[in-house]
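What follows are several structures.
Okay, so chain A shows up in both of these, paired with chain B first and chain C after.
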Partner chain A sequence: MTATIERGAPAGPTGPPARPRARRSPLQRREARFGLLFALPCFLLFLAFRFGPGLAGVALAFFHYEVGDTPRFTGLANLSRLLNDDLFWKALRVTVVYSVIAVPLSLVCSLAMALLVRKKFRTVTFFRSVFFLPVVTSLVLAATVFTWIFSSDGPWTRITGPVLGWLGGYDGSWLASSVWVLPAMALVSVWSRFGYGMLIILARLQDLPAELEEAALTDGASSWQRFRYIVLPQLKPALFFLAVIETTGSFQVFDLVYVMTGGGPAHGSYTLVFQLVDQGFKFFDLGYASAIGLALFVMTIVVAVIQRLTLGRES
Partner chain B sequence: MTTSPAWRVLRGLLLCGAAVVTIFPFYAMVILSLKPAEAIRFPRSLLPGGLTTEAYHAVIGGQGLWGWVLNTLLYSVISVVAVLLLASMAGYAFAKKRFRGREAMFWSFLSMVMVPYHVTMIPTFILLSKAGGVDTYWGLILPTLANAQAVFLMRQFILNLPDELFEAARLDGCGEWRLFLTMVLPLCKPVLATLGTFVFLWHWNDFLWPLIVMQGREHWTLTVGIASLQQEQVPLNVVLAGSVVALVPIFCAYLVGQRYFTEGVTMSGIKG
Partner chain C sequence: MKRLLALTAALCLGVVAACGSGGSGGSDADSGSVTMWIYPVVPDQAKHQAFWDQRIADFKKANPNIDVKVEIFPWPQRDQKLQTAIAAGKGPDVVYLIPDQLPKYAKNIEPVDSYLSDQDKADYLDNAKAAVTYEGKMLGAPILTSTRPLVCDRKAFQAIGETSYPKTWDDLLALAPRFKAKGIDATNYFASPDATLNESFYPLLWQAGGDVFSADGKSVAFDGEAGVKALEFLKKLVDGGYVEKDLLSSIPNIEQTHIAQHKVACTWQQAPADVEAFWGKENVVVLPPLTETKSVGYGTVGSLSILSGAKSKAAAGKWVAFAGQPNVAKEYDLAANLFSPRKSTGQLYPNDPVQSAMEKTVTLTTVGSLNAKSRDVMAVLAPEIQAALLGKKSSQDALSSAAEQAKGLLGQ
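Our next item is the complex of A and B:
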């Protein structure tokens, strides 16, 4: 699950501060008892299935553990194997290239569509619901038809084939070409995600005060100038939020790869999570799979920090 | 601000173009599922002619589709009910109750937000396989109930409910459980509907976790089943017919409860 918090969530509990225990009345003790009782089921589930496994997942990266075997501490062996694993570097490159294509494209489409459906007009709700439709559609189901669209019998190949044949790196269809398979999958991901970004940006656009733009209009600012200098700066927090979750989401791409290419051709779409699942549930090397998970975790943090420093600086 | 006629025309064209691109895969999915297997070649295959329901007979007849539908429904509905109940209880406790360990609990929830799901997936699977949870419904459902976002969302909403209301009910002798069931839950109806649609959608579309946990064919969910059809070289029109069957419930739900879908997804994020 892509973990996100709703916008504007405070960083911690803002309820009344805890009072010293000694002065607690029976009523307060009862309240505390029920508070604990109400929070406990969720917290225990969380301990058992998120917090505990999270720590165990990091720890497991330092063990050799195969299904049915006893775990054996091997220190940095998994990590050094990772660094010498050509397939890991390939998967890392595939994941990064895929994200570099998919995320900016998705952000631009989201922004453009949000601007197009910003103002109210007669059929605006129709368009908004159409653009949101792919978001509620399962990627696995969408991928079944996109596999055809990108196949050698499909429309995409028939339309773009001649151009690509001339450009090179093309082999029958986009999904059969190790160069074009990632752009193809990125397009599917943009199709399935832009409606979500559109809605996030739209929510922000509708919160913007109209006065600034009206003032700029009276001052004779062109529509491009109004967008560039008034609207865009105010959209920064929303764009930052989107950039982070779209990037972490595309680092974790799996469904599309599994259904559309199975990691091929020639590992051309072999992503990190695909390798993780391969190692863990096909070769049953759970320690090594955890090391890949750890690498994914580190990447996620690095990207969040970089994006915080660049995009989020002024906000 | 006024909208110039030229911009209005341009906007209309752009929107229609984008709508066609967005709808096209759905159209192709439906029309190709109604074609004979050998006729699926662009461009003639997209014209509505020579339609047949043979793919639907194939997919509904022999592929265990109804079992997958049932599994998916169980997975989604039980999870929704359980997550809503657990998250509103915890959200109420975090928002309105003072008790020892509250901060620690809340921060442990927050700390896991940045950890990719795939890191926790492997140990969770090991835990389940030791406890005999592989290929069982409880093994599939129980780990997904630990939904930190749902707790945040409920807590956020309940924080804004007035304390005086609960004080008054308590003075009238209302017990904590009754207070929760007859006051907190009804007041939370809007956010519960929103959160419910999000959780439902997430579970209905979930793929990797059911793929790993449910290994026997009869235990598969729809997404796992359809993906396996694709892998097994089943004719494309049959795979697409299965996809259409799996999509119809979500589409109907979307048409009816569009507002909740959009709110749920924008508020809580969705699986990437």
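Our next item is the complex of A and C:
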């Protein structure tokens, strides 16, 4: 028997009816207390080592602190310097452009691959493993290999060179071009991350009730209509989660830049985290590095809230 | 109550005794403990440790009450580790530093002038002494020097039927088309912002008669005539297709570059040890650094510095003076395949053609002027040089733009 739904009908409650909360026995309460007691050291360590440095970083953003110096409270001086630092704005632009390329591309690839390996065919498990493989590959190793692939002697350049030469902004190597360096790095990032997104979306796809799609099929909906009106809306929570994770990851990109370009050419791939590391560990200006970190944190939160308000509101 | 008073008195006595013992240890040159951090200057860890164990034993004979501990740390992230340790008050008493690091750590360093004898100080090569002297004080006792002369591949010259090697920039530019015709680069140049300018651009700047900073260190000087000349020379090499273009944007492993394929004629960015495995020792030709107005190359100086947080500065000073003695330094330099910063040690490698040729260039090296903002300035200059070489800016514009950014860093 095929279940049908009445178009436009409000969706009813989907979960099981609420049950009155059962009263726990003294033994259960005792067990719970011991459980919390055993978890406490771990929780305290987590607080100390996860939030402690974070809070110290926030505090340090209001100090002038170079190694060997006594920290000196300077109020908003670091943040004011940040606003007048051309390199910060350049790094911010690079980070945003990189994220704008990498995040949607990663979501689309993850979704496409998840839909592909959702189907049941003989070698599907093999393909799922192959697509997930880049996630567990060292990014530094991958970046080293891709540096060669994008070099002027590399296969990617040989394939795309003639077309891009005609388009302009390209002078023999993707990594030497300030126009193409960010797309190049975004492609490597997508290659290394889409398997994770695919897994998340696949898990969600396998949880979706088949009845809805079957009903739509009975009603004569095309593949695109089934995807657009049935599958996609139900994937929203997973897509929102991925969008937040991918955006946060993109805002924090460092290893790719470090291995592939060192921030070049001419600051063309100089990201915020790269600037943070430079300031903190190359120039030892920990106060200013912390101010960059604080700005990055605030921006990440703002972007996550915007994503929540747009993409994740209904989920 | 009596018990409480007795306990308080005992505690006070304990505290006084503890302070007393610490104080005496800190002031007495004949006793104390010294911890030294050093890095794999001698690549063989066991050999390196054995060297210091033997030196500690020798030192102990004359200074039985001073305990010395030498800890060998890996090169990567050494600044971060040292920085963190100093900030946490857990730094070593003595540490191996190179001139690039000295101005940054100057606030944490106890100058060694008063711990070295006048005879000792006079024995250092002038350039080695200058490399560790900051604001008139010696921040470290040099124990080794290195040099980056011009290194050429004999086989590449044979390929174009040339028997004389370049001495000047013009010589190299004149040979470049002939090398190109045979698929060989005239040289290699790493323009990635990650590559240190000490080994890439600054030697050219010095050779053209310029310097990174003005004499008083308050402003930059790289944007003058010499800087433009040096950058124009590089641009000619890049625009003519005489260098490997990928090195302008990334730093691949040397195995992935033309150096490893006998396709680079000469380099000032690699030492013979870096290229021997690919070229064969018989093809390595060591020459003095190139000349424009003068012949000068980069060479670093490894020195032992006493940190101001040392438990016993006097004991640390004794150890540094001992470890920097000519006979100790000579043995260390031989073990590390490096060169002596001392005049009295004489030639270390009379029978090794490559090393002896390198040794002759030690006095032609410099680290440039020491400045607390040298790394910061390098970070704003490197991307501008890269932009010029990739054709995005003119040489003058790139250097002027870097100089403008450097003004802010130098508080101008």
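Just so it is clear, the second predicted complex is superposed on the first by the 273 of 315 C-alpha atoms of A that agree within 3 Å, B and C clash if a C-alpha of one lies under 4 Å from a C-alpha of the other, contacts with A are read in each partner's own complex, and residues count from 1 in each chain.
Just so we're on the same page, a residue touches a chain if its C-beta (ideal position, glycine included) is under 8 Å from a C-beta of that chain, and two chains touch if they have at least 3 such contacts.
These numbers come from a predicted model, not from an experiment.
Is A:255 in contact with chain B, with chain C, with both, or with neither (first, second, both, neither)?
It touches chain B, and chain C stays clear.
Taking the superposition on A as described, I'd like to know which of chain B and chain C A:41 touches: first, second, both or neither.
Touch status of A:41: first partner only.
Could you tell me if A:69 is touching chain B, chain C, both of them or neither one (first, second, both, neither)?
second
Go through the superposed model and pick first if A:282 touches only chain B, second if only chain C, both, or neither.
The second partner, chain C, only.
With both complexes overlaid on chain A, does A:309 touch chain B (first), chain C (second), both or neither?
Touch partners of A:309: none, neither chain B nor chain C.
Name the contact category of A:163: first (chain B only), second (chain C only), both, or neither.
So A:163 meets neither chain B nor chain C here.
With the two structures laid over each other on chain A, which partner does A:263 touch: chain B (first), chain C (second), both, or neither?
Only chain C; A:263 stays clear of chain B.
With the two structures laid over each other on chain A, which partner does A:176 touch: chain B (first), chain C (second), both, or neither?
second
Quick check on my understanding: which residues of chain A belong to both its chain B contact set and its chain C contact set?
67, 144, 147-148, 153, 258, 262, 281
Per the contact definition, I'd like the list of chain C residues that touch chain A in the complex.
77, 79-80, 83, 86-87, 104-105, 107-108, 191-195, 245-246, 248-253, 256, 375-376, 379-380, 383-384, 386-387, 390-393, 405
Would you tell me which residues of chain A are touching chain C in their complex?
On the chain A side, the touching residues are 67-69, 86-87, 144, 147-148, 151-153, 171-173, 175-176, 178, 181, 258, 260-267, 270, 278, 281-284.
So in the complex, which bits of chain A are touching chain B?
The contact residues of chain A facing chain B are 1-6, 9, 11-16, 18-19, 21, 28, 30-39, 41-43, 45-54, 56-58, 60, 67, 113, 116-117, 119, 121, 127-149, 153-155, 157-158, 191, 193, 195-196, 199-200, 203, 210, 213-214, 217, 245-246, 248-255, 258-259, 262, 273, 276-277, 280-281, 286, 289-290, 293-294, 296-297, 300-301, 304.
Of all residues in chain B, which touch chain A in the complex?
1, 3, 8, 11, 14-15, 18-19, 21-23, 25-26, 28-29, 32, 40-43, 45-46, 86-87, 89-90, 92-103, 105-127, 129, 142-143, 145-146, 148-149, 151-153, 155-156, 159, 176, 180, 201-202, 204-205, 207-208, 211-212, 222-223, 226-227, 230-231, 236, 239-240, 243, 246-247, 250-251, 254, 258, 261-262, 265-272
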